[in-house]
Structure formats: C-alpha cells, structure tokens
C-alpha cells in the first residue's frame, strides 16, 4: 500500500475525533465530509465550552470563514489547548487581510505555529506579506504567485503550508509538492475548501504532516473527479462528493495522483 | 390503522409548528426533516426573541449540540414558556457531562420535567448518575448499560426517556419498549439524532408521549431502511432519508416495527 | 434574447459578489443557490466585520430569519454601508410582527429604502399596516390580500415590493406584475424563500429592479418546475433545484414565463 493510501486507511480505522471551529455557512458540510471519510466531528466554538471539549480531540480545525463573535472568543482559547496538548491543528485563514477581526487573529494564531496552514493564493500572500488580498472568499492571485510567500510562511512558523486552487501546492519550506488534480466543480459548491481543512485535520491525527497533507488533498480531489462523473450540476455533485469520500478505494490513491 | 400509523397521519394532517433551539451544525437538516414529515419548523434561539416566538408553537425541541452563547441564554427562557403554556417538549442533552455550560444547563432543564428526554447511552448515564460520559457526541456505552439509568431518570422527573443507539429503548419508569430497527447508515451522516428530536416534538404535538415516541423512532428508522436501499453512500443516503420521511406509507408503520 | 434572459446571462457572466446577512438555518442553501446561479456569496454577519467586508460587495441580502444577536447588531451596520455606497439591497423581513427585535429592526431598515422588499403576504401586511401576522415563518393571508399593502409600501419607501406565495406579485407602486409559476415543492424544503432573496440581490447587481426582480423569481420557479420532474421527494427536489439553477437555459426564460 502506498504512503497516501495508508493515511486514508488509518483515518477509517482509527476514526479520529476532530474538533472544528469553523464557518457557520459550511459547518454541516465539514461535519458530513468528516463522517463520510470515517472521522468523527465535534463543532462547539464558544469560549466557555470549546477548550474543554477540545481536550478529548485528536486534531483541530480552525477556519475563520464567517467568524462569529462566539468563534472570535473561542478560537484563541481552543488553539491554546491544541498547543498545550500537542494536538495537530489546521489554520484556514479565510478572507484574511480583508476584515478587522480575522486579520490580527490569523497573525496571533500563526505565532502558535499551526501544524498546517491552508489557504488560497490571495490568503497566503496576505498572511505572508501583510497586504490585503482576494475578493471576499475568492482568490485574485494564482497558486504560482503565492509560492515564495508559502515558503516564507513555512520557514518562519515551522508550519506546512498548502496553497489551494486550480493546482494545489504544498511546502514545508524546504521541499515543495504540486498536485494537479483540482476539479472545477469544487468551486461551484460551498464548503469544499472548508471540508479540505477538516480532512487535513483528520489525516494529521494519524500521520506526519507531509503525507497527511498530500493524502487529504488527494482524497478530496479524487473524490471530486469521481463525483463529477456521477452528477448533473452543483447540487448532485455535492452529494456525490460525500458518497465518494466514503467510497474512495484507498489502494488506488497513490497511483491515481501519480506518486507511484 | 395502528396506533403509530395514526400518529404519522396526524402530524401530516395537523402540521404542528415546532420551535427548535438546536445545534447550529445540524439545524438545517432538522428543519428539512420536519418539513418532510409534514410539520413546520421555527428556529430562533435568542433570549430576546425565542420566548415570544415560542408562544405560537405546538411543541418544542431543545438540543444542546453546538450550544452557542445565544442558545445558552435563550434555551432556559424558551423552556420556561413551554412549561408555562403546557407545550410538550423534548430535551436532547448532547455531550452532557463533558462541558461546563451544558452540564448544569441540562440538570436545570431536567428539573422542568421535559416531556421526553432523548439521548445516547452515555448521555443518559451522565444525566442520571452525574458521571461524565461519551466521546464528544458519541456514546461509549451500550443501550443496555443505560437501561436502569433511564428508568431512574423517568421516575425522578416524570419524563419519558428514549435511549438511542443500535437498538432504541423507551421507558416511562414503569414499562419499557425496545425497537430494533436502527440502521447503521444513520450514524454516517450528521443530524439524524437531532432530526429524531424534532420528529419527537412533532409527534408529541399530536399524541400522548408513549405512542408519539414510538412513532417518531419508527418513522426515522423505517425511512432510513428505505433510504439505505436507494443510496450509494452517506451523501445520497441523507437525501433519500428526507424523501422517505415524506414518502413513508403510514399504514405500514405498526406492522413493519412488529407492533401488530 | 428577452429581458429576463439577459439578466440571467449577466449574472453568469459578471459573477456578482453578494454579501448575505441571513438566517443561520438556511444560509448554506442560500450560498449554494448563489454559486449555482453563477454569483459569489459572502456571509459574515458580525458588527465588527460585516460592514468592512460589505464594501467589496456588488449587492446585499438582509434576511431576518433566525436573527442571532450577532446579526441584530451587524445588520443595521451593514445596511448603512449599502446605503452609503449605493449598493442594491434586498430586505426579507421573515416573521416580522411576531417578535420584539425583528419588528422594530425591519421598520428601521425600511426607512433606509431597500431596493427590494420581499416577503410573504402576512409579512407584507405586517410591515405596511403595523399588525402582527403569520404563523411563525408561514403566511396566513393570500397574496391577493396583500396587494394594496404592497403598493402602499412601495410608494412610501420607493422600494420595489415582491409578495411571494402560490402566486408571486411584484409592484413598484404604479405598476404590478403577477407571476403564476410557483411550485408547491418549494414549500416542502427550507431555504427556497431565503434563496430567492439571494437571487434577487444577485440580479439587482446586474440589472434595474423591475427586470431583476422578475428574473430572480422566474429563475427560481422555472428551476423548481424542472427539479420537481426529476425528484422523488423533498430531499431530492432540493438537490435537483440547485442543479437546475445552474442548468437553466437562459434563452427560454421570457417565453416560459409568458413574457414574450
């Protein structure tokens, strides 16, 4: 079994509990994607309860998406628990650079050295360089534009950095991987990027950051390819994507993404 | 027509208005399940508005799932309205025993004598015995383990208690019913347990607690059996489950669950 | 190409960014409907961030649905940005007249002269006449009952008013249009009314209020007709509706609704 296949199989076997502090608009899809993958989601975001519940988690996702007041207070408290307990965690700094709470919050979280930082090109450029970027949740830069910024972020914070888009780039500051299987349907429904954050956290619970990150991206993009063939439009694509996250044949992952 | 069939038919005919104060992560599925069943959902949870809106409701669901700060304030206020007006109401104490707001809140709500308390085995054990239990939203005990605790809760608070899992147990403290139709697919998508809470409230609006509870559990589990035959994976199962909640043939309910 | 067809084509070409402050229970469906239509959703509702993010938007939706405390503070602040920047915006005053925060908030927003006010008959009567109305989110009056109230609202606030129900009425205070294509399936799933609010905002970003409003209503109702033929029940209808919002043939719109 290839390295990525092993990660997929391990998530299904160990069923990691993933605590998610994530955008209200897509939290249900993130939870369903995690369950479909074989992991278990938990979603409380308040400062009063998230830190306590997080102590039972195997990994954590922090996504700044629609950032509620509850989340703005609960996220730093929960991230502190992740750091203290050595939980792997993912930062998805949605729309960083564009709004006054999430921008300083993302920088504060970066200082806590997330295991993986995942964003689109504009978000990664904004994080690394201090400039504003993007149009709402959408990138206005290409993945290639953000390659140097991703390396710099990775070196500075010891995080693995994943830049997602039509291609997906992964860097730990010394080596860079490129996956070229993104499917355009993924941009036609909400929550696929947020779900990738959840899958990343689930894979980090069972594997080292490099194979975990490649496995999570591969899992989503291969499932998307399969789902696109089974669907008529964005509604049926989204449903088929959940099906295929569950049905993906683990043995085929490395071969399909060209790693063996 | 059997006793449970009559409950299903009455929900469809009377279309009860169910006020839900429920987890953000699954609230949309709860609302869709209620509409599919023929009931009408209403979902405001703030302390400022939930009590006023609840005065128009026929029944209420209180689910402690992702418990927001809005909900933590609005839930006791709305429960007070349910008690004052004699509305039937359901308490679903998700992850009770594991976090510092929901645990005392669940005990406070128990004192108000919910019509039905519904939880997994670990939640029922935590409620009855004061011990922590479960792993996030998941049970770590079996339904049989929780049987005595369920009886004790029912006797102490005058509530009907439903313990859900691979089997579903219902007790009013003197008699016990067991339904054995749970489908494993129900655990592969979010919100099916929360939707059961909504269906329970809808059925309580039109029938006595004992047949209402058996009818709600039967409705969900029979729809799940039908849906599982029509689906490829968890995404298509979830959609088919909504279809089958609407399409369930009421005449067949009692016979299919073995009550006639 | 007919006038309504041009609006549909323009949304798909220009991909307007629509800032939505909308009910938690249906926000994911609103976002998916906007993406399916070709627009781009953005959903932050806090007072701290919504006004800043809104400066990048092409149009705005304000829906009072499950009205959180975050939204109650963020909505007037964001509406102020819409007015200041001349953004077209939609007010969907869900359950106005029935609860103590949304009722004065809706009146305050009306004074800001929304581009379009969209509600069911009971909501429009409540807004215009100061009486309470409706049963939770549902109308207890017919569209015809609300015709005069809609005219009065339109004249008083310079808004276009859309009254939705089995038929849909549109008035600017001097002329009135009636669309008669509503499909009963639209009332069997959550979020279709909220999604119409989002589509209205998207269409207002690319066209004048009169054709934009007729186009948005037509887009949703024609997609619903197509979806109903492809579905077994409410779950599969909801998914097919998203597919058909994306697949609707723009050339056919005017002809199908009888405008040419």
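Order of writing sets the chain letters: A, B and C. Residues in each chain are counted from 1.
The rule is simple: contacts are C-beta pairs under 8 Å (C-beta built on N, C-alpha and C of every residue); 3 or more make two chains touch, one makes a residue touch a chain.
Every value quoted in this text rests on a predicted model; they were computed, and no experiment measured them.
**Q** Nearest 5 degrees, what's the C-alpha rotation angle taking chain A to chain C?
**A** 120
**Q** Between chain B and chain C, two touching copies, which fits better, same or different residues at the interface, with half of the numbers shared as the threshold?
**A** Both copies, chain B as well as chain C, present different residues to each other, with under half of the numbers appearing on both sides.
**Q** Indicate the whole-number Å distance between the mean C-alpha point of chain B and the mean C-alpha point of chain C.
**A** 32
**Q** So which stretches of chain B touch two or more other chains?
**A** Within chain B, the residues that touch at least two other chains are 24, 28, 68-70, 238-239.
**Q** In the complex formed with chain C, which residues of chain A make contact?
**A** Interface residues on the chain A side: 23-26, 28-29, 65-69, 72, 95, 98-102, 135-138, 188-191, 231-236, 238-239.
**Q** Inside the complex, what are the residues of chain C that reach chain A?
**A** Going by the criterion above, the answer is residues 17, 19, 24, 27-28, 31-32, 35-36, 40-46, 48-49, 52-53, 56-57, 68-70, 238-247.
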